[in-house]
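A, B and C label the chains in the order they appear, each numbered from 1.
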Amino acid sequence: MSQARGRRRLRPAAPPALRRPLALAGLAVIGAWAVIAIFAPLVAPDNPLAQKFTILAGPSAGHWFGTDELGRDVFSRVLFGARITLPLAVILILAAMIIGSVIGGVAGYFGGWVDNVLMRLADLVFAFPGIILALAIAAALGPQLRNAVIAVVVVSWPSYARLVRSLVLSARSAQYVVASRLLGASGVRILFTDIRPNAAGPVLVLAALDIGNAVLLLSGLSFLGLGAQPPTAEWGAMVAEGALNFNDWWVGLFPGLAILTVVLAFNFIGDALRDLLDPRTARAVRATGTRLWPMRCCGSSG
Amino acid sequence: MADALLRVERLSVALPTRTGYHKAVDDLSFAVDAGEVMGIAGESGSGKTITALSLFGLLPHGARVTGSIQLDGTELTAMTSKQLRAIRGRQIAMVSQDPATSLHPILPIGTQLTEHMRHHLGVSKPEARSRAADLLATVRIPDPERALRSYAGQFSGGMRQRIAIAVALAAEPRLLVADEPTTALDVTVQAGILRLLDRLCRERGLAVIVITHDLGVMSATAGRLCVMYAGRLAEAGPTAELLTRPRHPYTRGLLDALPHPEAAGAALVPIGGSVPSLGRVPDGCPFHPRCRYARPSCATDRPEPGPVAPAHLLACPPDPLRAAS
Amino acid sequence: MSEPVLQLSAIAVEYRRGGQRVRAVDGVDLTVARGEIIGLVGESGCGKSTLARAAVGLEPLAAGRVTFEGRDVPHLGRRRRPAYLRGLQMVFQDPYESLNPRRTIGELIADGDRLAGGTRRDGLRHAAELLERVGLPATAVDSYPHEFSGGQRQRIAIARTLATQPSCLIADEPISALDASAQAQIANLLSELVDDADLGLVLVSHDLSVVRQVADRVAVMYLGRIVEIGDTDTVWASPRHPYTEALVAAIPRADGAGVLPVDLPGDVPDPASPPAGCRFHPRCPIVQDSCRELDQQLAPVAGREIACHVRSRSAAPAR
């Protein structure tokens, strides 16, 4: 067993993921939005639904982001919008991840006709461009925020299913899985105790990168009138209003920027997570975290 | 030995690691004559492969080399990469452990041989082809003409290693470095390769350096032996003498760890502890933590190789208590 | 030596290669008793690893059957392995692949107990004991496989199988991937365990010297068949089958005498089209005309069995 001791002189050539400014910026941005979402009623200067101000007034000291065509404070609406977009995106991705992982895991482990049926189902969803299918589902279910969420979940789960299936397929023939089978482990147990820890990483990375997508899809649906309904302050819907009031640029720009910052932030976090979980750079990261590079990994055996 | 083909003197190779530069090879000296087979023995982590690579100038990026490597009087450490490229293959060639990776998987064997030949010797294509066929016959590949048209994947491990040897010999080098040439092979196949190397050495006056941890292989092929530990020379001398009357505790430990014909049924005797990794080499004698005969001075005084008999070097202070083996 | 714990009867294992059915193992009988170590040796392509895998149920049988403690060992398809086979375990060759990199050592070893219905706490406690049994500190339970060397990992893998209190272990090249020191240590450990726990052990290895040191009996395989089987000392001291002779003569001795080992000309034939009659005849130094027609069968000679009618003077009709 190696106790890592040694001089703290590290080679500058290895960039640890935790030091990546982009990932930290991403975390900071999401953290900020999370705080805003929680404390919106306390932080926002005005009621997001109150239509009492001057219509379409540009950004000013009293209204940092101006007002929209119904006289509502855009700044307050943007802040309140976080309360919808952020939690929904996270819930949405969690749902897609769980559903997709279970389906993919079962398909990969048991194979045969089960695998065929499940994967053809996934292929069916993949056959359509995401936004089109989400649109169709949301429209069929009715214009409601809840239905938009369902639509995006339906569109998102197959990516996880495919990923988990391929991870399970490769893990299935791994010797440690064979060893577990010889000890008498059942298929389900192997999936959960042996394969899941190895699959969790890539799935989480996919999820982190996918949240950005989910935000875009959700906002897109709202933009098209199929998600959040007026007068709810939701960013996508606000951008739609902005499209109608093009000359009054502040109405659409600020909600658009909000979407942009959230999506970018999640992308940066996802990239960093991917580097973190890549076995080759993972050691470099752990090395800077709590302990130094354990020398034993440098090739001695015996 | 003033006319040695290869003379290595006080070679040290330091490699960059997370904790700074550490010596993978430390003050190593040896010489090889034409027509002789010399062995470099040691476990993994002993520095033997780095030594081989340093002869070719193929060290990892950032490695620092001090000392001298002279091939027929020419200093290799002072050469540019262009000069080294001219030497590799033509004067010294290497055969490594895994024939699966040392032969090109997609080019026909004939091409691999002829290209090599033509590049270094400048012969015409038909001439190269005929020489290639001869080489394959020399290494006992059946049906050489057909073999020239075949691909690496169509041959067994042993055959591929023979072909790798043929490729190494294509440009008629004077020194062949074989790094664990038979470790990956079955024992009967290994026997064939060892006999081949022996014959080539005798017939062509080739100098061969065999690098392996297998003392049986050393005993069968090498006339002289260098035993390395943690980058340093532990003992060097005639193989017969080192294997029957080992002086260095490490050499003795290696021999004791081998299954013995007389002691069948008894437990094997491994050397306690493990080889120190790069950067963790103990002060003083690197072997002292694992050595049965270690004295307090072994932890501080670094033993230098000194002669204990004609052509027999030992890096261990004399001790009357363990004079007899 | 007690009654057999593992019995292989007329085992044949096939695989498909480009539409052809190739027999990796073709008619092998083997018996393992508790407290004995059987070495299974042979060179590449002889089928010893396939045989080892078939013995634990990892390969479907084309013929014959495997019996463990009197009960049939079925092929491990998709279903859970039956509980009565818990006592039959395997140690794999690659210590870097046989341990799940993302689970702690304690969890890995505790699997044995937990899969038998035990609690996690008991499993971990037992894991600590087993680690000490194999020569590692009990504190290793919280560590991960990558923190250990190859030899140490192999000990962990062995500890893992011990958690099921096995009566028979199949070790498929357990030391080939290790350094010389570690090889000796693991070989010794297996030997001790066989004595202490009265295990039956099948030790598959291409390293004849180690098998010779540790095994009570040895079986030599060539092209899917056993060609010689008997007590290790007997077989080693005076091998009777020409292939065994060649194997023994090919081992270089570290005696400083400078003697080159004897080589065996020719190559191992393609298992898809084995030679007619005796499979070894194209390379055999004592080949006779009858060898090209008559197949081999194991027959007793000088205290062991060999499949060579020339030496054992027993002929079998061609199959």
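Simple rule for what comes next: contacts are C-beta pairs under 8 Å (C-beta built on N, C-alpha and C of every residue); 3 or more make two chains touch, one makes a residue touch a chain.
Keep in mind the model is a prediction, meaning the values are calculated, not measured.
*Asks:* If you take the mean of the Cα atoms for each chain, which one ends up farthest from subunit C?
*Replies:* Max centre-to-centre separation from subunit C belongs to A.
*Asks:* Can you name the chain whose C-alpha mean lies closest to the mean of all the C-alpha atoms?
*Replies:* Here the chain at the core of the arrangement is C.
*Asks:* Starting from the mean Cα coordinates of subunit B and subunit C, work out the distance between those two points in Å.
*Replies:* A distance of 32 Å separates the two centres.
*Asks:* Just curious, how far off is subunit C from subunit A if you go by their C-alpha centres, in Å?
*Replies:* Inter-chain centre distance comes to 50 Å.
*Asks:* Per the centroid of Cα atoms for each chain, what is the distance between subunit A and subunit B, given in Å?
*Replies:* Spacing between the chain centres: roughly 54 Å.
*Asks:* Name the residues of subunit B that each touch 2 or more other chains.
*Replies:* 43-44, 274-275
*Asks:* Multi-chain contacts in subunit C: which residues touch at least two other chains?
*Replies:* Residue numbers touching two or more other chains: 149, 179-182.
*Asks:* Mind pulling the subunit A residues that touch 2 or more other chains?
*Replies:* Residues 296, 300-302 of subunit A each touch two or more of the other chains.
*Asks:* Quick check on the complex: what are the subunit C residues that touch subunit B?
*Replies:* The contact residues of subunit C facing subunit B are 43-44, 149, 179-185, 187-188, 191, 206, 208-210, 212-214, 232-233, 236, 246-247, 249-265, 267-268.
*Asks:* So in the complex, the part of subunit C that touches subunit A is made up of which residues?
*Replies:* Touching subunit A: residues 56, 58, 76, 78, 80-83, 85-86, 88-90, 92, 94, 97-103, 107, 111-112, 115-116, 137, 139-140, 143, 146-151, 157, 160, 163-164, 177-182 of subunit C.
*Asks:* Subunit C touches which residues of subunit B in the complex?
*Replies:* 43-44, 156-159, 186-192, 194-195, 198, 213-221, 223, 239-244, 254-255, 257-261, 263-271, 274-275
*Asks:* In the complex formed with subunit C, which residues of subunit A make contact?
*Replies:* By the definition above, subunit A touches subunit C via 1-2, 110-111, 174-176, 178-187, 189, 193-194, 197-198, 294, 296-297, 300-302.
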